[in-house]
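Take a look at the structures below.
Next, two complexes with chain A in common: one pairs it with chain B, the other with chain C.
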Partner chain A sequence: MMQRCSDPVVLDMWHPVAATVELAAGVEYQTRLLGEPLSYAMSPQGLPQAWRGTQHQLPVMHAYGVLWTSLGSPPDELFEFDEFHEPDRHNVWAGSVGVHTSAPRAVENFLDMGHFPYVHTGYLGIEPHTEVKDYTVEIVNDGKEVLATGCEFFQPMGALNALGGMLMEYTYRVPHPYCSILYKSSPIDESRRDAIVIFGQAVDEENTRAHLVLSLLDDESNDRQIQAFQQLIFSQDKPILENQHPKRLPLDPAVETPIRSDKTSIAYRRWLSGLGLRYGVLPAVSDGR
Partner chain B sequence: MIKLYDFELSVNCYKQRLLMSILGVEFESVLVDFFPGSEHKGEEFKKVNPLGHIPVIDDGGFVLRDAHAILIYLAAKYDPTGNWYRTSDPELIGETAQWLLFAEGTTNTASAARLHDSLGYPFDIDECRSGAHKLFRVLEEHLWFREQEGLDWICSGDHPTIADIAIFPDVMLSEEGGVSSQPYPAIRRWTDRVKRIPGFVVMPGIFPAATA
Partner chain C sequence: MSVTVLSGTKSGWHPIASSSDLVDRHVYQGQLFGYEFAVWRSDDGFVNIWENRCLHRGVRLSVGTNDGAELVCQYHGWRYANRTGGVTYIPAHPADANTHSSCARSYVAVERYGLIWTTLDSETSLADLEVLDVLDDGQAFPLRPIDLWVTSETTISHLERIEIGCPTLADSTKHSDLVLFVQPVDERRCVVRGVLSERPDDEAKIDVLRFYSAELGAVRDGIEKSAGVQAAPEPAAFKVHPAVEVSIGLSSATNRQAAVPVRVRRRWNTATDVVGFELEAVSGQLSTVKPGSHIDLHLPNALVRQYSVVNAPGELDAYTIGVKLDPTSTGGSSTLHGEVVVGDELLVSQPRNGFPLRRDAVHTLLIAGGIGLTPILAMAQALDHQGLPYELHHFVRSQNHIAFADRLEALGTNVTHHLALDPDETVTQLQRLISSYTDAKHLYVCGPAPMLTAARATASANEWPDHAVHFEYFANPTQQDQSSEFEIALARSAVTLPVRPGESILEVLKNAGISMASSCEQGVCGTCGVDLIEGEPDHQDVYLNDTEKRTGKRLMTCVSRAKSSRLVLDL
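Moving on to the complex of A and B:
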């Protein structure tokens, strides 16, 4: 059994615990967050609730199709994800999947393009197109977010509605230590982008539930295929992720040697270090704690 | 054409896709939203299978459910060599049936653990995992002794059978349920051999054999 979380940075964050479409009104559900059991429900009036033990009410928020809660004192607002609310998009929950790894490992894998040709062969990449071209990574929004732009990669079938191989342009946002949003060229509208989101629920330090959400410009007729496609991609990642050791993400730059495709990952690790986050990571020794 | 009521991440559906690919049988997948939609538990699907589970096949109006029953049917009908399900020898029929029942066991332990950990199924996880290890130890020893006799497959003889197909993915994906395959080197050597069968196809989480 994992220890209780004592990291104030993580305790005070909002954490996703369930996709709200999954919740039947008035039914009580159980999950674990930061090593602690908790319950949640959607009241018949449509109000989300979360509590610890029998009655200790926790803060709740319903945002981006997900129920969020916190074990500490969370900020008033969650990060922005405006595309979710655009009227001509539709948002699909592709499932919530348990993974035997830390939330930061799951996010880092989501940010990595280098593995596309090897793990998602024939879909998100294919040999010999293995090159990751240079791109830009910056910390934006008052230090609250990692942003990687201009990431280009050749994808043989980068989306369900892609007509054969195309050079896909990606933007990655990490607006929350355990969540990431990926924007990629929409195969049906060049000027806009589909969004694929991973909301990571830190079940404990080495177990995650990944809530997968898509915000798409596609028409709704093939939601099921889109879900299936995303599940396929995620399931290809799963065994790789679960075999990474250590399961907590090492923040010490000396522990794992990065290459160019890891630029976002390096920025992400530094950013986590800078936040003073300790839960689900192995903090750098040099930070003196 | 055969219709397979199918879900990409289901081991039991994959067993059918794998056998049909090896046998070169064409089929059409009818996607069932097993997760997250639980479509197989809905009223509409229960007209196809009142037990509410997948896979099910519909072969020109002949509807059959239960993964290991379907493997028997497909091999008996579509394998002209008769190698995959050998009905010529009573001992072999018995052996194959024995290992298909064993596969029910690996599905109900190792693959159940995977459903618990990945998709949140409310199973007793400790029981699933210890049950899986108990079966894996038996399989490890069996395969090790087979190897000593120069035999590569689960049942007697020099050709793989539907028993190999039935057990393979439960073993391959066991780590997703927290059941490590580390202690079972003979099992791992056998899974590598399965991956080299002509016509082998992958499912998410299972990768092709490393190129030599």
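Moving on to the complex of A and C:
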């Protein structure tokens, strides 16, 4: 049994606990967040609720198709994800998948292109096209977000509606320690980008529920097909994530062997260190805390 | 029958698998004191026991692929060499094939009594692995392992009281003694590995195995019942340790020059005027070698010569080189041909790679002239092993001049020999081979200077970009001009040194006490290269391609000089 979370950084964050389309009005659901059991519901009037024990009400928010709560004092606002609100977008909940690893490990995997030819063979990558070309990583939005731009990778079938192999350009945002949004060239409109989001629910330090949401310009694939494709991709990641050791993300650069293509993950780990976040990570020994 | 119960704690050696667990091309997950291991046998029979974690992101290597020569991580395709655990290739950076020098942490493996043994104690020597009087390695017959969800201490105390015998079985094991080895898996579990001192007759084997599985299974049930079963703990965390550097990489220039003793294991005439040598380590393990690498060979007459290593992936029991007798030899090839015999000891440098192979080409065109085959053959074997598309064209004087014909034979129809072509015919053939360029094709050429020059000219004429054309010269055909006089400023150490006519930058640096790696010292191998921060270089080497020379960001300290009065080097 995992210990209760005592990390103030994490306690005061908003955490995703469910996709709201999954919720039947007036029905109580149970889940675990940061090692603690909690309940949530969508009232018949469409108001989200979350509580601990029998009545301790928790802060709630309904945003980006997801119900959010917090065990501490969360900020007034959640990070921005404007594309979700564009009128011609098709927003799809692709599933909520349990994975036996920490939320930062799941996010880091989401940020990684180098594994495409080996883990998503024939879909997101294929040998011999294995090179990860140089790209740009910066910390933006007043230190609140990691941004990687100009990430190019050759994909044989990057999306359900892709017509054969193409060089895809990705942008990755990490606007929340356990959440990431990736933007990729839309196969049907070159000027705009599809978004794929992982909202990581830290069930405890070494267990995560990944709530997967897509915001697409696709008008042909139906939800079922989109879900099936995304779940296929995630099902390829899951056994890798569950065979990663240690399960908490090591923030000390000497523990693992980063290479140039890991720039985003290096920035992500340093950013987490800088936030003083300790839950779901192995803090760097040298960070003085 | 006598029963002996042994736990390896005294000697530090423990069994972690049965030999039969190491199935062909399989990776077995072993565990000892909570530490997990990836255990795998290569096609050459060597047993590798490694920490079960990829260095890069900590994914279990036991979910990777044993391709017979290398273990490939499932996550990012990192390749680890048989025997050394050295990283041989990182697919995310195909052009950096020579810069990575990390090693999987490996543990010593011994195969005895049908079991695989190891120790966590790096100080323990093989001599500490007890030889048991009751067991003879040739006769020993391992039983099926029995897992217990009980500590090894509890298990041992119970086992010491058991009586076991096989009265109803055929005579074959009647006189056999039974030794029970207790392997501590973690703080709550162990495995009992029984070994009989006599191998039963073939027809009795299954019955013997069944009998002991049932007997020991009943013993297990009894122990677990009386001791109680607890859930398995999490695997132990390996001690955090930085990746092990194996003496190559620019930061360790001193180590780079360290030579290790090798012994000539085999010497044979592989072609007219070409002698093959296999050089094995006098002690320990040879370093990882990547395709295209060369070693410096220190000869008995104190000369040092470079030879490309022909080895295929995972082949690290000996370095194989081919030495062509040079009629104008000044003591290098003539000494090797004339004096060096099997059993002789020589010194070799760590392998260096100035001619690295990318493995992300849609098609790789390999062209070799004469003995220029050696690095090209290593590349072909690596591509072949990985099933990547390539063709090898070998220009050679006659059938009898084809070195390493057995290795070439194994590559099948990917190899074409072009025999006895005169210079004009060679050029024509090169023009045919190096035709139009398409994206993600790569060309590698090694051979005599006129052939290289022709191949590069053809590639250039057919619009092959410089980054897709890779070459290695035997010798620098350009006339060296050492007449200039200039100064070098070392940016990081804030030192300025004069370079006078007749001196090389490399000599000046070494004389100033700066540790520099170097090898051919004629602008061929790339070892002594440094980054240039400021100044106009006079390159004079054949290592850098034209684009690299134009950008002027790097130079070879052995032959390059300055056109400006001053060069600022990143040293």
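What we mean here is this: the second predicted complex is superposed on the first by the 287 of 289 C-alpha atoms of A that agree within 3 Å, B and C clash if a C-alpha of one lies under 4 Å from a C-alpha of the other, contacts with A are read in each partner's own complex, and residues count from 1 in each chain.
As a convention for this text, contacts are C-beta pairs under 8 Å (C-beta built on N, C-alpha and C of every residue); 3 or more make two chains touch, one makes a residue touch a chain.
Since the structure is predicted, the reported quantities are computational estimates derived from the model, not experimental observations.
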Touching partner for A:Pro239 - first (chain B), second (chain C), both, neither: both
First (chain B), second (chain C), both or neither touched by A:Glu22: first
First, second, both or neither for A:Glu86, with chain B first and chain C second: neither
First, second, both or neither for A:Asp189, with chain B first and chain C second: neither
Which of chain B and chain C A:Ser96 touches, first, second, both or neither: first
Touching partner for A:Gln231 - first (chain B), second (chain C), both, neither: first
Chain B versus chain C as contact partner of A:His115, first or second or both or neither: second
Partner chain in contact with A:Ala254 - chain B first, chain C second, else both or neither: second
Chain B versus chain C as contact partner of A:Glu127, first or second or both or neither: second
Footprint overlap on chain A, where chain B in one structure and chain C in the other make contact: 239, 243
Interfacial residue positions of chain A with respect to chain C in the complex: 113-115, 117-119, 127-132, 239-240, 243-246, 250, 252, 254-261
Partner chain A, residues of chain C touching it in the complex: 36, 52-53, 55-60, 63, 73-77, 90-95, 100, 102, 235, 237, 240-243, 359-362, 388, 440
Chain B-touching residues of chain A, taken from the complex the two chains share: 19, 22, 93-100, 209, 224-225, 227-228, 231-236, 238-239, 242-243
Contacting residues of chain B [partner chain A, same complex]: 8-9, 31, 33, 35-37, 117-120, 173, 175-176, 178, 204-205, 207
